[in-house]
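You will see chain A twice below: alongside chain B first, and alongside chain C after that.
After this line comes the complex of A and B, so read on.
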């Protein structure tokens, strides 16, 4: 049976911001629809309205001409609207089957039969009785999808589904989605990744500042045209000049980095060795959860590992904590902006004071020098074009992109010799990503070095001079980036080998 | 944000309401009973001075606890630190039981603060170096210190002329807190509490230590990333907290009590946890909260006299304050919705 989903004049206003401004869209089964937009463009709000998490101030949703009242996620489920969120809602320590049976209404026996039918039909290979924590991200996502399929959905909404997947897993996902689509399930696909829109979807709706700015057939679009619609301005293409000079000094050298953890949720690191030259960018690729977290924390000094040797500017720094490492002109930008790199409840200038390097004089004789911190913060806000000049603003009111600019600004204003960053553009919009990429390239041009740990292969290929892949705590050989292709990276990231 | 500082008032209002209902069920006129509880105790100057007397230790301890709680360290053992401070301070006072001198009181006070500090260091060191849970350790140490006090007052330190009563000698006048007014029990300890308020405000909001405490409380991950010395900070906040509790203990024995006996504190150390949260861990909020909670102590005593109900109703009121505070914190930030589902709807 054909499904027809219509959103009519939806508006949602939050204090100080219009999240959805009179949004009307129409979706018909048999096609895959993309919903594209920058952070804060309103697509999450729209999706939350569709899945019943929040209710709109105005407007209606029609499914096959029936006016839906979606006042809770339960209503969405009842009306056969399924949703797979970016962050999985699974109990890690329960088995796959237990996870699926939590909200099931049938007895275990018939549930198991139905799950097995789905597994067979879509060629999913998942052991139902292993704990979820043993699954890869792709498998976890499949569990979420199965959960939706068990309710025979008419509409399936996927929120940034590929951010944690390998190239191969992404391909598998696309095949499944196309199959669902053929069976008459209406698919709404939310993403930042323009290439995915072009390769997967039939129709694309672009949102900007709460409004739908364009609806078009993807066959008429290109990456550039979509990007321009998203940000509403022409984007300059940037590409890094590969730093070819071979005979520069090694500024940073890691030897025998080993890390063994008692925590089953952490990854052990096994004998990592690498070095970075002056003005060079070393990219470390890999699917998240393969040891990047642990590697970053060891490089920043949050975790001290015995027997590791880290030489920075001819000094052994392996035993130093992050603050001490900063004194030697290292800087760090962690992946987690909201709970690690910055504290949302703190004001901008307080977050700036987290990077309390020696010459800053932020804290003289143990006292807070508020004036100095604020002056310094103002400089960061203007130098790194953060869209506010109010240093008293709480950081939670900054968008992801602006917060990341603030963090990078805080780390870079000390002119560090080495910046280590981990997924610096994660979840950001095209405009902010561009800005941050330009900034990272500029650092290398100024003969400063960077280590870029990232799960975004495109970003790595764009910015790195040499690339290695981390898989299950082991590092591949380090390759010059001109020899690397996305396919090669994909193989290595999935645990394969190349010669 | 405004709501955040407003909920304590809602909690107090609900507590009074809840108290009225309890009195009604017990067969009293609720208005009358509440008047005995909250108005009569402070209707005269003596009553008011008693209020300040009880608020002093509560305020001191809560100020100390705010350092721990703000930085995510759950020191539940202030009662034990108070008791140990009283033991050490009292020990020094007993050394000078037959002497007079201006230097004695400062010595006693310092000894008490150090005693509390040392006792608080035990859970802190165990937490930082052996990964123990500070909630359990600090709580269990309360009983250790109380039993130690028990042993001392019936055994080695008991008053030789005391007819085997479980108490020590009376301290000499030089070991006693100076009284502020003739005929009232309010003593100079209140200045210690006020100084602690000022000092804690300064430390929390104007120093690097305060900044580190704030950041650690909001996100331990960030504190680690910024390179704060986590272990040192845990030790420092426990020491501050223990010192404040120790001071409160010394204030009690050199103030209204004047000797050591079994009951140096009517659970001030536990009640101060409520005070700290009711005051939103803010130094000035804590002054206000300590007065409110002190009133429940006084009210319980008046109620015992006039209404013939046990003075443990004080604890009922303290419990209600905490209960309503937590409840209004929780409920004000969530929406309550009553679901009207038919049975077969649930099944589908």
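After this line comes the complex of A and C, so read on.
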């Protein structure tokens, strides 16, 4: 039976922000629909309304002309609307089977049979009796999908599903989604990745600032047209000129980096060796959870490992803590903006002051020199085009993009010789990503070096001079980036080997 | 020879009796914590259970009413905690500490008129078997029904958490309340139930002290057992069976060191008194070393305030 989902005049207003402004859309089964928009465009709010997590202030949802009252996630489930969230809704310490059985109405035996049928039908291979925390991101997503499939959904909503997947996993996902679509499930695919829209979806609705700005057939669209609709202005193209730096000095060299941990949430690192030259960008690719966290923490000095040698500007720094390393002109931008890079409850200038190396004179005789810090913060805000000039603002009120600009600004204003960043554009919108990419390229142009640990292959190919892949704590050989293709990276990131 | 053996039997029986309040309170708190709620008010709920059980026994002269009443009083006082932390979203730690202080104060006030009143004898089961079988008699028989209940409780708790649907829901809520809520589970309701259950068990643990173990009312008679129960839950890494082991070790060493003090060992009394705490922690740390298992058993959201998006 055909499914017809209609959203009519949905509005949702948060204090100081209109998340959804009179949104009306129509979807029919047999097609894959894309909902495209930057961060903060209102996509997530809309899907949360559709899945019953939040209720709209205004507007209605119709499924096959039946007015749905979606006041809790249960209502969405009852009405056969399935949802795979960007941040997985799984219970990490429970087994896969327990995760799937928690909202099942049947007994465990027949549930297991049904799950196995689904696994077989779609060629998924997942061990049902291991705890979810042992699974890769791609497998976790499959568990989420199975959870939806068990309820034989009419509508399946995928919220930014590829942000944690490898190229191969993405391809597999697309194959599965097309299968579901052929079976009559209506698929709504939320993303800010333009290429995915073009390769997977039949129709695309673009949202900007809470409003639907365009609905069109994807065959009539190109990357550029969609990007312009999404951002609302023309975007400059950035392309890095690759540094041919054979004769330059090595500024940073890591030897015999090993890390061993008992913690099942951590990955062991096995004998990593690499070096970075002046003005060069070394990209480290990999699916998250393959040791990037640990690597970043070791490079920044949060974790000190024995027997590792880290040479920076001809000095051995392996035993130094992050503050001491900063004094040698290293800078760090961790992945988690909210909890690692900044303290959200503190004001902007206070966050800037956290980075207190000796030369900054932020503190005199144990007292805070507020005036100096504020001046310094203002300079960062204007130099790095952060969308506010109020240094008294609490950092939690900055959007992800602005917070990232602030953090990068804080790190770069000291003119460091080496910047190590980990997923600097994670979860940001096109405009902010562009800005940060430009900034990172500018650093290299000024003969400063960067190490870019990222899960975004496109970003790595755009910014790196050399690329290596980390998989299960081991580093592949380091390749010049002109020899690297997305396919090659995908193979290495999935644990395969090339040559 | 036979005298010694029967003495050891009696000793083990008394160790079991002394560990009952710990097992009850810790098993209750374990369920509460598994749902992600950290209730530090165990001591307060126990002492309220102790005084209300004893007062009801004196007033009604009915032990059944006294036991049920003590559990109800535990439920009521934990309801205050539940309302504050789950509905008004107050901090778990501060609220729990306040609950303990409140419970100790309230019990002292309510208990004024009950000081010095002798308790009533609590019926014991299989008392004839206790005398007739050497060694095992005093271990297995002649205890109150509460003791038998306490010793089956950790196994029931384990079964509940691992094998039942409801147990799965409790663990899921403790692991990730946001995910649970998005799955349509009523997180607040589950947590309320777990808090109230914890309160009932703590109330019962208190009543065991004032009605059975030392049948009388003394101000502050729980004497820190609530805190020990809390520590047991953590050091047993949220495993009910390990809670039982820990409670027995604590009870055992408490009794043994009393005997050692009586015999007059040349070890400082202070050290002997500290021994139960020390040994319990050491043993539980040693048997719970597997960091993988700890990760899997620890309620990830423990003590964190959950509020629903609207």
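Here, the second predicted complex is superposed on the first by the 499 of 499 C-alpha atoms of A that agree within 3 Å, B and C clash if a C-alpha of one lies under 4 Å from a C-alpha of the other, contacts with A are read in each partner's own complex, and residues count from 1 in each chain.
Note that contacts are C-beta pairs under 8 Å (C-beta built on N, C-alpha and C of every residue); 3 or more make two chains touch, one makes a residue touch a chain.
For clarity, every value in this text was computed on a predicted model and none was experimentally measured.
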Simultaneous placement of chain C and chain B on chain A, clash or fit: clash
First (chain B), second (chain C), both or neither touched by A:396: neither
Touched partner set for A:116, first chain B, second chain C, both or neither: neither
Touched partner set for A:385, first chain B, second chain C, both or neither: neither
First (chain B), second (chain C), both or neither touched by A:354: first
Chain B versus chain C as contact partner of A:268, first or second or both or neither: neither
Contacts of A:323 with chain B and chain C, given as first, second, both or neither: first
Residue ranges of chain B touching chain A (in the complex, touch as defined): 205-211, 214-215, 218-219, 221-222, 224-229, 347-348
Complex contacts: residues of chain A adjacent to chain C: 48, 51, 53-55, 72-74, 77, 85, 88-94, 98, 101-103, 131, 133, 262-265
Chain B contact footprint on chain A (complex, rising order): 78, 105, 300-302, 321-326, 332, 334, 336, 339-343, 345-346, 350, 353-356, 363, 366-368
Of all residues in chain C, those that touch chain A in their complex: 165, 168-169, 171-172, 175-176, 178-185, 291-292, 295-298, 300, 309-310
